[in-house]
Structures are given as C-alpha cells and as structure tokens.
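So, here come the structures, one by one.
Shared chain: chain A. Partners: chain B in the first complex, chain C in the second.
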Partner chain A sequence: MKLMKIEKGNLSKLMEHLKKDNFRVIGVTPDGKRFSEKFDETLNFMQSDTPPTSISFKEHFFLKTEALFYYKNNNGAIDLKEPVIDERKTVVIGARPCDTASLPILSKVFNWDYADDFFNRRVENSIIIGMKCNYQDDYCFCNEVGLSQNSEKGSDIFLIPDGDAFIAKTITDKGNKFIEEFAIFFEEYTGNPPAENKNGHDEKKFDYESVKKWLDNNFEHKFWDEAGETCLSCGQCAFVCPTCHCFDIVDEQCGTCAGVRAKNWDACQFSLFTKHASGHNPRDSREKRYRQRISHKFKYYNDKFSEILCTGCGRCSRGCPVSTDILELLEEIDQIAHSTTN
Partner chain B sequence: MDQLRSVCRQAISENKAAFIIGYTEDKHHHLKPFIAHNVEETEKLTFNCNAVNNLAVFIHRFHNPSQGKIGIVLKPCDLKAINALVQENRVKREDLYVIGVNCSGVVKDQNKEFSKENTQIKCRSCASKTPAWFDVVVGESAEFELPEDDMAILMKQIDEMTPEQRLEFWNAEFEKCLKCYACREVCPMCYCEQCIADKTEPRWIESSSTTRANFTWNMIRAFHQAGRCIGCGECDRVCPADIPLSLLNRKMGMVAFKEFGYRHGTDMNAPTLIGTFSTSDHEEFIR
Partner chain C sequence: MNIYKPELVEIMDIIQETPDIKTFKLQFVSKKMREEFSFLAGQFAEYSVFGEGECTFCIASPPTRTEYLECSFKIAGKVTGALNKMNKGDIIGLRGPYGNHFPLEQMEGKNVVFIAGGIGLAPVRCIIWNVLDLRDKFKDVTIVYGARSVSDLVYKRELEEWKKMDGVKTVVTVDPGGETPDWTGEVGFVPSIVEKVAPASENSIAIICGPPIMIKYTFPVLEKLGFTEDNMITTLENRMKCGLGKCGRCNIGNVYVCKDGPVFSYKEMLELPQEY
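Entry: the complex of A and B
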C-alpha cells in the first residue's frame, strides 16, 4: 500500500489525458443516474456525500446484451465469427465501495465451473478507482453485509477526500503501476495517514448471521406470502443491482440467413425465468420468486461461494415501483429469527 | 385518515368488499401499495400526497369474483384505468367496491415535501380532483398550483423535429432501456395473459437489449397502448433509465382524440375505439 495525493484539477486532467490515450474512461453521468463513457467531465460526481447512482456500474463488465458468436449460412456450411470485444484499457472513476465490491463477488460465479472470458478480460483490463463514501440513508446497509463506507474491496486505487484533493491509496499492483505510469498527475502525500479502516458501525440494522440461519431453515414460511404480495415481477431490482448476474442465452437473427448467439440479462422475478419447456414452472408465483431473490442473495450464494450476493447499496429499494424495501424485509427476518429463538 | 380507515373497516366487516387494495406508510414515510385482508389490517391503510402508485394494476392479480368484491382505493386519475378496464371487459363494475379519494395532487419525489415543483407529471395536466364515481368517497381536495407541463413542452419540441432528428432522439432514449419491463408490469392497461415480448415460439421481439431490439419493444408497447393509455404516467415514474415513455402514449392519445374524438377511460359504458368500426371513421391519416 502506498499513499499519494491528487488535486481535483489534476484528476480532471488525468481523465482527459486517458481519453486522449485511447482509454475507455467511465464515470458518472451529469444527472448522477448511471456510469457511462459520457460522464460529467467537471467531475462534479466526485463528492462522497451524494446518493449512489440509480444504476450500478455492472453494465460495463457484465453487458446487458453480449454477443458470444455470430453465425451465417454459407451454402449449407456454417461460418462462425468471433465478436469484437472492446479491448481498450478501462478506468472507472467515482465508484463507491458498494459498487467496487461487486466485482470480486461476481468473479466467484463467473469463474466457478466455467471461466467467463468476457467478464474476466474486462476486469483484467480495468483500473477501478474507488472512493470513500460519506453518504448514508435509510436504504443503505453496507455495514450489515460485511462492507463499510471505507471498504477497498474491488478497488485498485482508493480515493479519500482531503479538502480540494484526494488521498490516493494504492490497493493492488495494478493500481500501483497505474500511479507510477501517470505519476506526473500525483504528488507525494505528506500528511498523517487517514484514519484506520474501521469495518462497520457498532450498531447493526440487522444481524446477518441470524438472517442466514433463519433462511437455512424456513424455505416454507408465511413471511414469504406477505413479502412478495405486491411485487409486480419486473426486473428493476435485478437490473440496477451491482451483483445480480443471471442471464439467458438466445439465438437471434442478425442479418440475412445469419444470427447471433447472445447472452442477455435475466431476472428471477420474471415469470418466464424458471418456466420449463414442458410448461411447468417451479416458481409460478410472485411470492416464490421473491423468496428466491432473497435466498439467492443471502443464503445460496454464501453457501456456495462464501460471499453475500449483496453490497447493501439500496438501489433495488430506492427504485422499486411498489417501494419494496429489501432492508426492511431483512430486518423483519432478523426480528422473526430472534423472537423464535428467545 | 380516520375516515378512510373507518370506511375500509366497514367495507370488510359488512361484506361490501373481501379485501382492500390501498396504501400504507413505510418506515421512510413513503406510501406503498398494501393489501388489507381483514379488519385489523385496515388500520394500516392511509392516504396522502405520497400515494403515487396507480393501484388499478392490482385488479388483474386479485380479480376472483367468487371471493367477493375487490375493495380498492382510487384517486380520480386512477379511476380512469377502472373505466377503461370495464370498457375492455376485463372487470365488471359490480365486482368492485370503489373507495374514491378526493385528491390534491401527488408528489414526484417522496423524500421531499409537496410543492409546485414536486408534483407528478400527470398532475400537471389533471383537471379531476374529485372522483367521477365511487361507492364511497373520502378526503378533501384542495386547490394547488400547477407547474408547467414538462411533457407538453417536450412533445412540442419533438413535434417540431424532422423525422431524422426524431429518430435520433428516440434511439438515444431507447439505447438506455434495460428491458426490465417495469413499464409493462406497472401499467394497468398491460394485462395480456402472455405479453408479445415473452412469446418464444416464434419470438416476435428480440430479447437482446440492443438499441434496435429496445426500439422494437418500446414501439410495440406504444402501439398496443394507442388510444388505450389512460395517462397515469406510471411507466415514466418507474423507468430506471428515465425514458419519457408516456410521451409516446400521450401522443397516440392525442391522435385518437383528434381523429376520432375519443378518449379512453372517460366513460365506462362507451364502446372502445379499437373495438368499434364506423363507416364514418377517418381514413385519410392512414398511410
């Protein structure tokens, strides 16, 4: 770990320089809603006390639609063509701990029985410049899922606001090399080291271990009937989420006598998600689908990969059309869990 | 809100309704849809300027005439959806127990106080603060200052564009689409047993989220809403990508009114535009 300092003006210049240098630079759009190459060049989003973007930066690593290969009928033979991947080096700036942490979490599933070359190449090709967060509202719960506003998980370089500048902490070798390569934009940091990375508050909104234990034993429970009752079965929650990663693979037309096999985002709340070819659907109700969403995030993924499939960013709750608040449900589970053990 | 709770309590205890689809307050002091299944649960019902959802969408899920009538809390604007659904034979008037609420506008952002700027877009063109019909009505409506209708301004700008500019505008908007289908799920008028977007044999609409496929999805939805949208603006409200979806439906509605003098959802006894043929129908605009 190394500590450097970068003035806000220099950070702007660095981003400008990177763009000219053919980097793919991803920051927050002027409306604060999304991460994009068309980001706010004034870097106004580099404030740590504003809400997180409505949509996570996942879409730049796990694309909403990804061509796996193209095929074409060539007089009875099949011509296959590899997709062209954007191989430019990528720099993501302005991501909060609840965004950056999603990459190592997702990496587990994308490198489990099959290594997802598309995801891996993009991550390897990227420098993630995370930023300390000073925002907290009633939807946030990063502390409860093992993260914090200071969490460096997933960052290559971590910025800590320091007046009109940022203390830049290198987290990975990749981050270190990046700072060395663009050293002219940075200066030595001579101040006191930033406060120790205290992981979380003392008071938690819910106790994850109790929730997990309850989920282990309560696949059937009346709680689920109420939890999913007003869910509309749209995919807003899954699609704004930094860690939801389900996909569907489809063959679609692309040109004459030609097609593309594409990997598209899918969501467990959709009624078609688990529909079998026979017509049978094991998750035929909204209540069952909502149970799946909670269970996958807070039980199954942890059972399999020792990670919670949630960074506590609160995006799904802030944007839910029927105001379903995942934190409120987790608090409720925690309460039920405690009332049954006591 | 004692009045609302009292009529809802009465509705269930006197068997006027089997349950009530209404609003409840969450810990953020926001209102969200809530189903009161019994007298005790009616205590959780409430209504204020945070009641943004159009609850008519829940009719489709809970419509089971054998269980008894559906009690539903409706703002004057949302009542238009019920009119439209009666017109389309989706629900029978007699299967509903409508608790109308006099409305003084609803907020755009539930985290902020109600103000001229903080009003839902639909309120900006709303002229009905009292429900046109009901089984019982509660609350008082107060006059409130209406801000400029942003959508009308945007519509004017788009009308003045060349077709190429318009295509560019919509392509840029649809590129943002995530295909989460929140627009469809929240819409009281989107009730097909199987949506065309979910049909896989054949697949009419590509499920990929490319600009072209996003364009197809959003245009087909707009076509299916032509002369049917009742303008509740829920699609705009829930779109995570902030696409001004209701603009398309509003334009279609304006065309329907201009060409056929028809507005969907204003009269539950009127025949539907799409379901009626008249030899005097205008045809000149069909090209």
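Entry: the complex of A and C
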C-alpha cells in the first residue's frame, strides 16, 4: 500500500488525459443516476456525502445484453463468429464501496470451474478508483453485510477526501502501476495516515449471523408468505443491484439467415424464470420467488462461495415501486430469530 | 475461451420414437471433437438450433459407444419444436458435457435395477447400455419401463433386445387404458409394477427416472423392498440456460442442478428443500 495525494483539479485533468490516451473513462452522469462514459466532467460527483447512483456500475462488467457469438446460416452451412469486445483500458472513477465490492463477489460465480471471460476480461482491463463514502440513509446497510464506508474491497485505488484534494491509497499492483504511470498528476502525501474512520453507525441494524442461521432452518415459514405478498415481480431490484447476476440466453435473429446469441439480464422474480417446457414451475408464486431472492443473497451464495451476495447499497429498496424494503425484511428475520431463540 | 459457444454437430440420422418424441444420431463436424469428446453416463448437454435458441437434454447414448452421440427429445417448446423440423444432414450446436454422472463404480459388483417412465428412459438408457456393454462387472440387471400408452413407449427395438438378453429381466408396462388389443406386456403404473416385480434389494442399486409423480411413488415401494436411501439414484431436471452454474435458475436451495446434479441419491434429495 502506498499513499499519494491528488488535487481535485488534477483529478479532472487526469481524466481528460486518459480520454485522450484512448482510455474508456467511466464516471457518474450529471443526474447522478448511473455510471457512464458520458459522466459529469466537473467531477461534481466526487463528493462522498451524496446518495449512491440509482443503478450500480455492474452494467459495465456484466452487460445488460452481451453478444456471445454471431451465427450465419448459408444454405445449411453454419458459421459462428466470435464477438469483438471493446478491449480499451477502462478507468472507473468515484465508485462507492457498495459498488466496488460487487466485482470480487461476482467473480466467484463467474469463475467456478468455467471462467466467463466476458466478465473477466472487462474486470482485468479496468482500474477501479473507489471512494470513501460518507452517505447514510435508512436504506443503507453495508456494515451489516461485512463491508463499511471505508471498504477497499474491489478497488485498485481508494480515494479519501482531504479538503480540496484526495488521499489516494493504492490497493492492488494494478493500482500501483497506474499511479506510477500517471505520476505527474499525483504528489507525495506527507500528512498523517488517514484515521481508520469510524463506520457510519455503531449499532448494527441486524445481525447477519442470526439471519443466516434462521435462513438455514426456515425454508418453510409463514414469514415468506408476507414477504412476497406485495411484490409485483417487476425485476427492478435485480436490475439496479450490484450483485444480481441471473441471465437468460437467447437468439436474436437479424433477417432470415443470420443473428446473434446474446446473454441478457434476467431476474428470479419473473414468473417465467424457472418455468419448465412441460408447464411445471418450481417457483410458481411470488412468495417462493421472494424467498429465492433473499435466500440466494444471504444464504445460498454464502454456503457456496463464502460471500454474501449483497453489498448493502439499498438500491433495490430505494427504487422498489411497492416500497419493499429488504433491510426491513432482514431486520424482521433477525427479530423472529431472536424471539425464537430466547 | 468462450464457454457459451457451441460445437457444431451434424444430424446423421433421425428416429421417430413416438408421435412427439424423436432421437437424433449426432456426429461432431470437427474431426478433433470427434476424437476428443468424452463424457460419463448421466451427463447432459445444451443443444442449439441457431436462430431459435438452446435447450437442455441428457446424452442418451452410452460413453461405451462413440460412433454417434444420441439425444432424444419431446416436442414441448420453441427449440424442441424447431429441432423437430430439422432433417438428416442439418447442423445443430452442442455444448457439454455438463453436470455429474451416475455412480458407475458404486454399481460395480451389484445387481442393478433400472426404473423409468416415459421419456425418462433417455438418461436411463445411457446407463443401461453402459452397464450392458461392460456386462461382466455387474450382477443381475432388472429393467422396469412404463409409458402412458403403447404408442408412447420409446426405444421399442431396444426393449425387445433387452428382453432377449440373458441375465436381464425386462418388464414393460403401460398405464391402464393405454394398452392395445395385441399388447402382451404389463398394464399398470410403474410403482405398482415395481412392487410386483419385487427386485431383491440385497447388494442392489436402483436408478430411477421419469415424471415427478412416478419418482415420488416409486421411492416408498423400493424402501419397502429394502433399498436404502443411498442406493436409490435419480436424475433431476430443472429449467437451465447456461448449464455452467451461472445463470441462476436451476438451483434447489444451495444446490445447482446443472453442476452439483443432475444425478442425486434419494438421500441427497431428502436433504433438499421441497422446491423442484
């Protein structure tokens, strides 16, 4: 780990320089909604006390629609062609800990036994410049899922606001090399090492371990009937989520004899998601699908990959059209768990 | 490497098994794949019709026979509908093999009981031929197979072949009302026929595949006959897209059917949440 300093003005200049250098630079859009190449060039989003973007930065690594290959049918002779991937080096600037942590979490499922190189190449080609967060609202719960406003997980370089500048902490070799390559924009940091800032709140809103233990033993419970009751099965929660990764594979025909096989975002809340061709559907009700959502995030993924499939960003709750609040549900599970053990 | 890109296979022959079930004999277009492709009984693959999409079925031919790969499918949805329209010489895609396999080693030196219903015979047929091709390694073989009606029986020519083999007891049944005037086989549902055939449970292992209702009622019959929970093996199906443990739809609790399955013992199934 190395500590450097970068003035806010220099950070803007660095981003301009990178763009000219054919980097793909991704920051937050002026409306604060998403990460994009068309980001706010004044870097106004580099304030740590504003809400996170409405949509996570996942869409730049796990694309909403990804061409897997192109096919052509010339009178029965099939020709398959690999898609061209944008191989430009990418820099993501201003991601909060609840975004950056999603990359190592997602990397587990995209790499067990079979490596998804579409995801891997994008991550390998990217420098993630994360930023300390000072925002906290009623939907946030990063502390409860093992992260914090200071988590460097998933960042290559981590920025900590320091007056009109940022302290730049290098986290990975990749981050180190990046700072060396663009050293003229940085200066030595001579101040005291940044204090291990206290988390946004001391008291945990729920205890993950008791929630996990409850999930281990309560696949059947009346809680699920109520939890899924109001869900519209719209999938909003999955689409804004930094860690949801379910996808569909479909052929999109262009004309009569050619097309693309694409991997598209999907969501476990959709009623057709698990429906068999026979008509049988193992998760045929909103209650079962909501149980799947919670269990996948807070139990199954952890059982399998030793990671919680949630960064506590609260986006699913902020955007839910029927105000389903995942934090409230987790708190409720925690309460049920405690009332039954006591 | 692009894990989602299939290999090309040619349809070498098509067998119309029943009015709505066909078997394809397939061969890889690439010589390298013909030489290198290997799999184990019970594994499955993703089959593509370019322009329509992919669907999942088991490999229905045994690993002991390498000239062709075979799959059997029932016309049910978009891709199987498109497969049904394909002809000999047409090219489709194949990704695989995926998933775990039947416990062939655990079966060695034992009596083997195969129980199947409808198109559920496809994965079982793969392991039946695997066992019969290595006949000396196994003791008595019992096959109980049933379908709704006589016209719904698949692999009819092989059922006859199995009936004639020494050391193989083959019992074929159709559901009541599904028999024809000249039907000489059994009439009755698979679980009751298993009860009637009463295969010995000592030093035996049973492989079961068929409609969920058949599986559900066959386990208690076998238990009554003395089969233990880990000597009853079945293969589950669930909707799949990737087959690679990523797309997120085939899980039953924390088990991914595409990677941890599709083959499970009854013991393992009892540990799964009831969501399949």
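One rule holds in what follows: the second predicted complex is superposed on the first by the 334 of 342 C-alpha atoms of A that agree within 3 Å, B and C clash if a C-alpha of one lies under 4 Å from a C-alpha of the other, contacts with A are read in each partner's own complex, and residues count from 1 in each chain.
Operating definition for what follows: a residue touches a chain if its C-beta (ideal position, glycine included) is under 8 Å from a C-beta of that chain, and two chains touch if they have at least 3 such contacts.
Just so it is clear, the structure is predicted and the values come from calculations on it, not from any experiment.
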Chain A as common anchor, with chain B and chain C clashing or fitting: fit
Partner chain in contact with A:G235 - chain B first, chain C second, else both or neither: first
Arrangement angle, chain B at one end, chain C at the other, chain A at the vertex (C-alpha, nearest 10°): 90
Touched chain A residues, chain B compared with chain C: C
Chain B versus chain C as contact partner of A:F62, first or second or both or neither: neither
Partner chain(s) touched by A:D248 [first = chain B, second = chain C, both, neither]: both
Which superposed partner A:F182 touches (first chain B, second chain C, both, neither): neither
Touched partner set for A:K33, first chain B, second chain C, both or neither: first
Touched partner set for A:S54, first chain B, second chain C, both or neither: first
Chain B versus chain C as contact partner of A:D138, first or second or both or neither: first
Three-chain overlay, closest Cα atoms of chain B and chain C, distance in Å: 5
Contact residues of chain A, present in both the chain B and the chain C interface: 248, 250, 253
Residues of chain A that touch chain B when the two form their complex: 31, 33-34, 54-55, 64-65, 138-139, 229-230, 232-236, 238-240, 248, 250, 252-253, 260, 262, 264-265, 267, 270-272, 319, 321-325, 328
List of chain B residues in touch with chain A within their complex: 26-28, 30-35, 53, 57-58, 176, 178-182, 184-186, 198, 200, 203, 206-210, 213, 234, 237-238, 240-242
List of chain A residues in touch with chain C within their complex: 68-69, 71, 73, 76-78, 80, 82, 109-110, 112-117, 219-220, 245-251, 253, 259, 261, 263, 266, 268, 273-278, 280, 282-283, 288, 292, 295-296, 299-300, 303-304
Contact footprint of chain A on chain C as seen in their complex: 1-6, 8, 48, 50-55, 76-77, 80, 89-91, 93, 212, 237-239, 241-242, 244-254, 259, 273-276
